[in-house]
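Each in structure tokens, the structures are laid out below.
Next, two complexes with chain A in common: one pairs it with chain B, the other with chain C.
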Partner chain A sequence: MSRLFSLSPENRPIAIASAFTVVIILIGTGYTLATQGTVPMLTPSYLLQQLQIGSFLGLCAAGMMMVILLGHIDLSLPWTLTAAAMMATTVGGAWAIPAGLGVGLAVGVVNGLGVSYLRIPSMIFTLGVDSVLRGLMIAHTGGFAPQTEASPLMRYLAADRVLGLPVAVFVWAAVSVAISIILTRTGFGKSIYATGAKESAAYLSGIRTRRVIIGAFVASSLCAASAGILLAGYSAKAYQGMGAPFLLPAIAAVVLGGTHILGGRGRYLGTLVGVVLIVFLNSVLSIMQMPEALRQIVYGVVIVGMLLVYGREGRTRL
Partner chain B sequence: MLSRLASAIGRNWGFTGALLLFAALFIGYHMLHPRGFSTAVFIQNANESVVIGFLAMAQTVPVLMRGLDLSVGAVMTLTNTIASHVVTGTPVQMIGGMVLTLVAGTGFGLMNGLIVVYGRIQPIIATLATGAVASGMALLIRPSPGGDISSDLNWALTNAIFDFAETLGFAEGGNAAWLQPIANIPVPLVIMFVFGICVWVPFKRTVTGRTVYAVGSAEGAAYMSGLPVSRAKIAAFTLAGYFAGCAGLYLAIQTSSGNADINQAGAYTLNSIAAVVLGGTSLLGGVGGAIGSLIGAGILRTISFYFRILSIDPLMQSLIEGLVLLAAVSIGALRTFRVKNTLELFR
Partner chain C sequence: MTDPTELIRLQKVSRYFGGITALKDVDFSCSAGTVHGILGENGAGKSTLIKILSGVLSPSEGQVVVDGKPVRYRSPTEAAADGIVCIFQELSLIPDLSVAENIFIDQPPRRFGLIDAAAQRRMAESVLARIKCEDVDPDARVRDLSLSRRQMVEIAKAISKNPRVLILDEATSALTSRDVQTVYDLLAELTADKVASLFISHRMQEVDALCDRLSVFRNGRHIQSFNKGDLRESEIVRLMIGRDIEAQYPHKPAPNTGQNTGQNTASTEALRVCDLRWESALKGVDLTIRRGEILGLGGLDGQGQKELLLALFGVLKGVRGRVELNGAPFVPASPAMCKSAAMALVPEDRKTEGLMLSLSIADNLLLPNYRAVSRGALIDPTLAAREIESAIAKLQIKTASADASVETLSGGNQQKVVIAKWLALNPEVILLNDPTRGIDVGTKQEIYTLIRDLASSGKAILLYSTDYAELIGCCDRVSVLYDGQVVSELHGRELTEEALVAAALNLQTEEAAC
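Moving on to the complex of A and B:
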């Protein structure tokens, strides 16, 4: 216990969240041992399957973390993801993935311009952009489920395996490595932390905070778009509402991983742990065949409980 | 007199702009309407605006103290399902059920406030989590849509005062002479006034209410001035729960049933934020008010009314709502280009 408190404030959430993930897996294993006498949760194939499912949420959370580090938020994630998936399947062929990423790039630039130059709170600007994207996509599909299919490359990236590992996990790993290098080793990453901690101070020390904000929103939308492309590949098509289940878990994963919701503090490793925690929490709840109502309650209680343990604000007000 | 009015407008340009936009949209709607202005259409408009109006008021109070309540839609759904069970039986039982529903909403808000203040968790993430809890409880209470709220109650509360009097059998069945001047006022507007505005305005004038504004402007300064910061924060979330409870109760009466629709809860929460911003309340806290948010909710609703009378493809509704929202906040943001000292932008 004393070792726990000797951890730096940045690492304490990560340690506790990791420990809690292990507890969740143990609870799930105990449950299956008691009811079926087997331990499906500890088999490699099950863990790999969870990682594959987790890769979509992992990509969303990685992008979301970039904007939360700035003290902003990206509520346009659901329809950025869906629009990228729909555009990718509509274009199809070799240009499917560039088309999807292009959607992400465009949305990110618009979000970034609105937040950085117009200084509209990101909460409301990205909400408006989400609504516009939804309108555009509904107009595009005529309100019906799109008939287009994912290109072979998308399906390969999302559903195939290399060396026994799902390709989607490699994509997630690549994005993770890129983001942690950006955050810890580049000037852009340091600028994100500085801008998130105190934008006026960052501006006065010569950081072009507007460009930093645009860059972070582009990163967030690109991540959401890649999650959409992968998800469309995984289910072989794009569909309406494919992005909605990712928004709140992505925010929760980032926050449970110790990133401060008002910006400036947080490590990417924490976000990874947060994603794994949420994926395993979901899978244990579904193994227990918990009804949706109780799942929602457990979900909420876990978030509040974890934050009561390590996410509390300081008592000082000034 | 005129200069005082001008300065009041200058201080509340967000509210004034919202009022003008709402008036233009609303008058335009009734001019374009094939049957012109009629009581029936007005009552229908009022009915459809009550729920989002209450939710916009609910969202306003935490936003004023620089917080955000992402659970208002879920609390509305929760109270909606509670009301669908308890608002039945004899008139006295129904009134008891309504009180119970409002108490449930208020209690949930109080819990939010306690978690934020004593748990010291950021409001946005705390209410995100409690919102999930509220949705889950709503699903437990009503796994499938249903409930039988008296159709008399529905009729009495969703029409004009005349019908209210007729259903309840007072004022000579609605024909008394003294009732005639107000007989055509829609009951939903009266409900908004009595349960919304008559709660908000006195609250705003109390020390706790002023402290909500002070916390939104500068929490440190409010604390150092000895204002009851913790009490104001708890009160803000409690009031939000109360207004969300009003929304859920009215939704139950309006639809005569309860429905634990989680997607609807999320959409209402997001719309409540949009209404607050359209009504001139700053998301940075300290500026605005719940009455502006009512106007903002009216703007959102009026836009959707246009889809009925103009033959616009209903599929375009989301697109146009989004564009109006972006345009409105962008116009409000144009001042940033007049700011001479860039440092003033960072608040």
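Moving on to the complex of A and C:
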């Protein structure tokens, strides 16, 4: 235990979240053993299924982390995801995926410009963009579920398996590797940390902080768009509100993984652990057949409770 | 043993932060009606001492005795209730509130349970008048005030609590000479009213002029207390740093006689500024900096010196006028652009403008310079490590590890990091805004030597300082600003404290004019 408290501020939440994930799995396993006498949670097929589900959330959280590291937030995630999915299925064929990513790129640039040049707080600006996207999509589909379908490539990437593993997991892994290299090994990544830690100091160090902000928002929207494309491929079509269940869990995963909500601190490994934690938490709650209302309460209490545990670092009152 | 005038006594007080000892077995007392100077280098434990006195920190061991009774304050408010008030080195004002709101933030005057804004304003006015700051509007937002005005508001805030023990932690380091005099007068007045003042400053002359009794701290220990005049300055310095210190400022080279170099002055010019204007702060600044030279910026605080440095570094919008860099026209449009043009700025406030405090020393050092340590798109860890190692060695930054957060460094070492991150880029023109503010004597001297070495290697340096002695000691020439213009330029033997003061006040005396 004393070892745990000597960990650096970046690593302590990761260690706690990992430990808690194990606890969740043990509780779930204990429950199924007691009620059914089986251990479905420890079977490979169950774990792969969780990874498959986790890949959508993982992509969302990866992008969200870039923006949170800046001390900003991207609340346009739900409809960026949905719009990318809808445009991908509308265009269809070979151009389905580029169309979806194009939506992400465009939204990211708009968000980045609004936050960096117009200096509108990201919480408001991205919320506005989310609403605009929603309006545009309702106009586009006429308010009904679109009749269009996902292209074969989208279905392959989302639902097929290679070497027994879901292809979506490979997509998630590739994005994860790319983001962790960007964050730790490139000037852009280091500039994100610096801008998030103290924007004025980064600016006076000759960092083009506006470009950094735009870059991070583009990364966030591209990740949301990829999640949308995959999710449409997984369900074979796009639908209204497909992005809504991802916003809060994505933010929660990033913060539970130890990324400071005000920016400047956090490791990508933490975000991965945060995603796994949330996926298992959801899954165990549903295995235990907890009523929806109670599930939401437990979910919220766990997130707030864990943040309380992280917060106990300060030794002075100042 | 018990001295009736004694207000505060510390008995065997120690304070630990994790494994680090900030204070060890400190016995210390101060009495009513005295000004007690606390001396010591950064990291000597002075700040911890006053945080314990003022209730911000509790001692790990030992006891604090006030009026003969042991106390254990849990917050600065509890200490203030006993009349112990501190003016902190890091300003404690809220930028978006008005001056009056800040002064009475913890106990605003109330009427029917609501804050009485009119009374608050009146009371603020009278407190500000007491410290001769009538020019500060109680309704002004603190954000809009210069650093020295903010510091005066901080002092007003402390005075408004009618302290019995007033602690000033580097409270004068950001002030102009005129305000410093005001603070002196105020302290004299308070001392006559039987207030005990604890005065912490790195400026030896101030401590000498003000204090009746002095205590020296080193490495968390109370080394010695003595009355003023008991020890000579050199002996005090030796107590503080534990070693002798020679001349404080490095030697200046012989002044460049403009006679025989008339032809190549243009080629030695690094930066020429003509008729630079910005809003109401800069009203046509002209100056020239040559390679190998340290040009000082003098004058009272707030005459446009800071704006000039910011304008030259591309931070301000809507700057008019002409800037020539190495003889070619140059428009500083952003810090990034100035960085590419081999310029560097060490900004005014190292904690918010110079450093990302939560990041590591390594990340801070490399920030302006990632291109140099990257191969292709990726940072090369070997190159980066080499760069960091050489920066730390070159400036003798005292740290156990480059991965420690820069927050853990003392003020002097933090400032070294700010300077080091720019030196890696090998800048030709270096702009320095009060680089030694709040830094201990030893580190100051290292920084002076470094600046002089940089100049000797052909860099052009523009140095703004609020400390006249520093300008005189460091600079080859000093341009004095008054109301957004250069009113005079002093060099060689004209560069004296009297001439600087006269020029700063824009007095057209014969001596100063020639």
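The rule we apply is simple: the second predicted complex is superposed on the first by the 310 of 318 C-alpha atoms of A that agree within 3 Å, B and C clash if a C-alpha of one lies under 4 Å from a C-alpha of the other, contacts with A are read in each partner's own complex, and residues count from 1 in each chain.
Please note the rule applied: contacts are C-beta pairs under 8 Å (C-beta built on N, C-alpha and C of every residue); 3 or more make two chains touch, one makes a residue touch a chain.
All of these numbers come straight from a predicted model, not from anything done at the bench.
In the superposed model, A:Gly264 makes contact with chain C only, not with chain B. Of the two partner chains, chain C is the only one that A:Gly206 touches; chain B does not reach it. Judged by the touch definition given at the top, the superposed model places A:Ala252 against chain B, while chain C stays out of reach. Of the two partner chains placed by the overlay, only chain C lies in contact with A:Ile181; chain B stays clear of it. Shared-chain residue A:Tyr193: touches chain C; no touch with chain B. Residue contacts after overlaying the shared chain place A:Ala244 against chain B, while chain C stays out of touching range. Once the two complexes are laid over each other on the shared chain, residue contacts for A:Ser286 go to neither chain B nor chain C. Counting residues of chain A touched by each partner, chain B versus chain C, the larger count belongs to B.
Contacts of A:Gln49 after superposition on the shared chain: neither chain B nor chain C is touched. In the superposition on chain A, chain A positions 200, 203-204, 315, 317-318 are in contact with chain B in one complex as well as with chain C in the other.
Across the interface of their complex, chain A is touched by residues 68, 115, 119-122, 124-126, 128-140, 143, 219-220, 223-224, 229, 260, 262-263, 266, 270, 273-274, 277, 283-284, 313, 315-323, 325-326, 329-330, 332-333, 336, 342-343, 345-346 of chain B. On chain C, the positions that touch chain A within their shared complex are 17-18, 51, 56-57, 74-75, 313, 315, 334-336, 338-340, 345, 347, 352-359, 363, 366-368, 370-371, 374, 377-379, 421.
If you check the complex, the residues on chain A that touch chain B are 73, 75, 114, 117-121, 123-125, 127-136, 138-139, 142-143, 199-200, 203-204, 244, 248, 251-252, 255, 261-262, 291-301, 303-304, 307-308, 311-315, 317-318. Against chain C, in their complex, chain A makes its touches with residues 181, 185-187, 190-191, 193-194, 197-198, 200-208, 264-265, 315-318.
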